[in-house]
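Same chain, two partners: chain A is paired with chain B first, then with chain C.
And now, the complex of A and B:
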């Protein structure tokens, strides 16, 4: 393995470890026993078949949004609009499911996924074009488009597409054929996890083994170099952005088809944002995304049990996640400091030998 | 003269990963011109920055007139009478000469307002005293590089410097400006009793100017000798640490055929100003056409136009008879054009990508490296990289380290290896040896000549006149976006060409 990779893994594990320790101190400061707390956390995440299934179910959207972030960040165009693309994708899937209600699953599910992919992809295409054609900052545009998508779908499910019973902020239930099968009793884990495995493999292949993946990486690293080397920089940026939007759209679709069976006004608790954190931590590595998504999924699942069992608020895990990010972001600085310290030590030792 | 003015003893300075100065000792005598030579990265600038208080040494001691001193900042250095002119000028372009010279020590009126009239007067007096002519009212941005350097020197003198450090002062100058600078330095030393330390890597200049010379190599001090005891060969060997053969590069006669035709090209620079004002020439197979000129006279834009990186406003150019105006870089590459860019860090490579990744660009969609243009054959790619690394002598522990870890010379060899391995018939080569060590320069020059002898057409853009003269068959001078002269190499001297480069002479020989 490359030296940089080893160094990175070491600092990653140190960061996670340090974040957990700080989390422990926070528990202590609140008068709770951290050992009991962490025990409840771990037990809540993987303590039984049901709990493992719940963790996996929580992981599904995180992998998709994590991969979506990876491809866009790799190409140097920053899709911060994953949440909006996810909402539109989810709504698109629900729309298919409530209008063509009697379609069999074999046709209906692919159709719903296709519509959600198109919705998410097109919603990402807009900022991508604004960026490459008019040099309008995609970060700002995508952030604002989030709000537009969330409020738009919110309006749609409260008025034109509102369910008949009460004011739910939800559509009607989608047709039976669209429901993805549940895999473990009581848990929401469903067959979407198999789709996600396939998607992950495709994304890994695309990013790591193809000339397109190579071009995306080079564009993200050095645009001038890429242009000089004959890469169509604009096309690659648009491609990366659209694929990113498609993945977010599909993440939304799976929430509808596999978990809720309808579109809800607040269908995502911020999956795209968590996906972004995950991709940042693992430096846009697709396999790293899977592992880190599992970790985040476990933290989320475990934190609820922890709160129930010990009274420690589940928000603590957001604190832990943020601390990991902080440490990772500071990685380069810390590394230089530590290296510099050892270099000086070595030097003064050498000087000492000379004088002696 | 024999008085030791400054002594630096056992100076060591380490940056993360490199020892820039390893137990270096040097002494400077009063009233001498002391040259410090060495390849890039030898630690010359670091040593002088320590003397000027910009870096703090990890260990070692500086003595001034025999007394130990601690120079913690440039202010301490200035107090001791040490001044430094940096390689990159530190002037405010929109200020006038007078304003720049008094910057930081402005004469005041009622303690608040800058007394501009007095600043002008001070500038005139200073200019008179040292025989360095400048116009106090001129805005710096409108002045040539040579004059800007003169202002930098005046600034240092204004602060009362007796010891003046010049960091690579001739790097940006024309031959005429260099001569003028040397006259100024001589005057400062002989007439006014100043001491000058000059950092350079041009050996001819050392021999022409200095009294003593100190050679550094890889952070270590190799030795100090009297210039009269030195010659180019001795110094080069001390710098490189082995025998250097300045061998004549053999040029063969090759069939010539026009491959590139440029017709009246006009193009704008990044600020939207016309950088090329109607340039026409042709390039033939089996020849090296050198473009000489002071930097910023349209060379960069010309290269970018010809490689598809910059839009043409007017005019056309053809490659092998095919209209190629405003094609994109990929299309031009497909026509058989390779390009060694002047800015290797921002364009020639990606510092974050591995050597393998850097070497495959341009071939990453071609068989056998990409099956059907899409599936990367990593084995084939690695084999090719390995072969090229060996063939072009890129010194690296592995092909998997990121390019940013390579030295400048090895980065350039990597780029040359990639671009020359395409078997292009046209090579556009810009500043191919800027900032790289002698060994690498020799290597790159040899490769260029070899390509020429094999029948490639080479357009060479270089700010280094020695390089232009060494390699070119034909030379074109570019001044303010226009061609001012065209010569066969043998027809013209360096001094003459300087006149064409500065627009003082015009016409075709």
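And now, the complex of A and C:
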């Protein structure tokens, strides 16, 4: 393994470790025993078949949004609009499921996924075009589009497509044929996990083994160099952004088809943001995304049990997660500072020897 | 029905809903001038709202709440600055991390300090004092419109003027802007761009803290989970709309405050408010587009002009 990779892995583990230690101190400050707390956390995440299944179920949207972030960030175009694309994708899938109710699953599910992919992809295409054609900052545009999508679907689900019974902020239940089968009793784990495995393999292959993936990486690393090297920079950026949107749209579809069986006004508790953090932590490596998504999924599942068993609020987990991301984001800077410190020390030592 | 929506109360509400936007946007435009895009404002507002409640509840004083929120604002501003300026981390990653940290931390503390989920309200929370301009009393429209707001409403207007003067009429303001535009030149002039960026980031933390206090101690004295409700992003929109000029940003914040207030009134009478709520977000994209297009056109003209001269 290359030296930088080893260094990165060391800082990754240090960051996670440090964040968990800080989490332990917060538990202590809260008057709780951290050992009991972490024990409940681990037990809650992987302590039984049901718990493992729940962890895996939580991982599904995180892997998809994490991969979505990876491809866009690799190409140097920053899709912060995953949440909006996810909402539109979820609504698109639900729309198919409530209009063509009687379609058999074999046709219905692929159709719903296709519609959600188109919805998510198109919603990412707009900021991509604004970026490559007019040089408009895609970070700001995608942030703004997030809220627009949440508001738009909020309107649709409360007015034209509201369920008949009550004002739930939800559509009707989608047709039976669209329901992805559940795999473990009581947990929401469903067959979408198999789709996700396939999608992950495709994305890994695309990013690491094809010339497109290589070009995307080049564009992200040095745009001008890539342009002189004959890469169609604009096209690669648009491609990366649209694929990113498609993945987020599909993440939304799986929430509808596999978990809720309908579109809900607040269907995502911020999956795309979590996915983005995951991708950032593992530096956009597709396999790293899977591992980190499993870790985050386990933390999320475990935190609920931890709360029930010890009374420590489950939100402690998002505090720990954001501390990890702060450490990782500051990694390069910390390293420079530490290296600078040692270099200075060595210098002064040398100077001291000379004087002696 | 129209009368229920569009009336004097709507304008009165506009003044009130615009205030946190004005405060946060003033902070954000300072970092913007120093060359930093701060999308952590959302989290900074949320922290301000929470610690405003904490201070006001435990010390039975809205001033204590304000001071605590300002102190936390300074800390978060320092944290942001340390990562972005000293560690050279990506500014928007740190912004997202701060938003996430604020979201988790406030809910966590809400439950560990007050033992409640969702929202916390108590008669022991002291709200911000209201302010009346005596000479306006008795003047029909102006009295309802401009009187009886929290002090922060008037403070925010004064701050707009102060920030304007600071940015454009003092050497500090010139340095701050230079720190964003020509850091090397500033360095040569013997002023540290780093220091100016730190100052802007800390001020942003303070202003966002004040915005949060106005949310939680202003008209309703309560804290609810995620009560900043995208105001940090709308403030960002106002900055882009106003092209980071304090007066123009103020106007944009009023405009967005108006749509916010309109949305609330529409909900009351049962008309969907989602589309009016979208306006700040869509409007920002339109503004970015128009600006970018005119810049492109100018560039094109410049190139054509050069070709013509040859």
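Going forward, the second predicted complex is superposed on the first by the 339 of 356 C-alpha atoms of A that agree within 3 Å, B and C clash if a C-alpha of one lies under 4 Å from a C-alpha of the other, contacts with A are read in each partner's own complex, and residues count from 1 in each chain.
Criterion: a contact is a pair of C-beta atoms (placed from the backbone, for glycine too) under 8 Å apart; a residue touches a chain by one contact, two chains touch by 3 or more.
Remember, it's a predicted structure, so these values are computed and weren't measured experimentally.
Once both complexes are superposed on chain A, the partners chain B and chain C fit side by side without clashing. Of the two partner chains placed around the shared chain by superposition, chain C is the only one that A:78 touches, whereas chain B remains out of contact.
Applying the stated contact rule after C-alpha superposition, one finds that A:322 touches chain C and leaves chain B untouched. In the superposition on chain A, contact is made by A:225 with chain B only, not with chain C. Contacts of A:140 after superposition on the shared chain: chain C is touched, whereas chain B is not. Touch criterion met: A:151 reaches chain C, while chain B stays clear of it.
Of the two partner chains, neither chain B nor chain C is touched by A:111.
Look at A:215: by the touch rule set out above, it reaches chain B but stays clear of chain C.
Contacts of A:129 after superposition on the shared chain: neither chain B nor chain C is touched. Here chain B and chain C are compared by how many residues of chain A each touches, and C touches more.
No C-alpha atom of chain B lies closer than 5 Å to any C-alpha atom of chain C in the overlay. Comparing the two complexes, no residue of chain A contacts chain B in one case and chain C in the other. Residues 26, 30, 78, 80, 130, 134-137, 139-141, 143-145, 147-148, 151-152, 154-155, 158-159, 273, 276-277, 280, 313, 315-319, 321-323, 325-326, 329-330, 332-334, 337 of chain A are the ones that touch chain C when the two sit in their complex.
Those residues of chain B lying in contact with chain A across their complex are 12, 14, 16-17, 58-59, 307, 309, 328-330, 333, 339, 341, 346-353, 357, 360-362, 364-365, 370, 373-376, 378, 400-402. Looking at the complex, you find that chain A touches chain B at residues 2-4, 209-212, 214-215, 217-218, 221-222, 224-232, 336, 339-340, 343-344, 347-348, 351.
Contacts from chain C toward chain A in the complex involve residues 37, 39, 83, 86-90, 92-94, 96-98, 100-101, 103-105, 107-108, 111-112, 230, 233, 236-237, 240, 272, 274-275, 277-278, 281-282, 284-285, 288-289, 292-293, 296.
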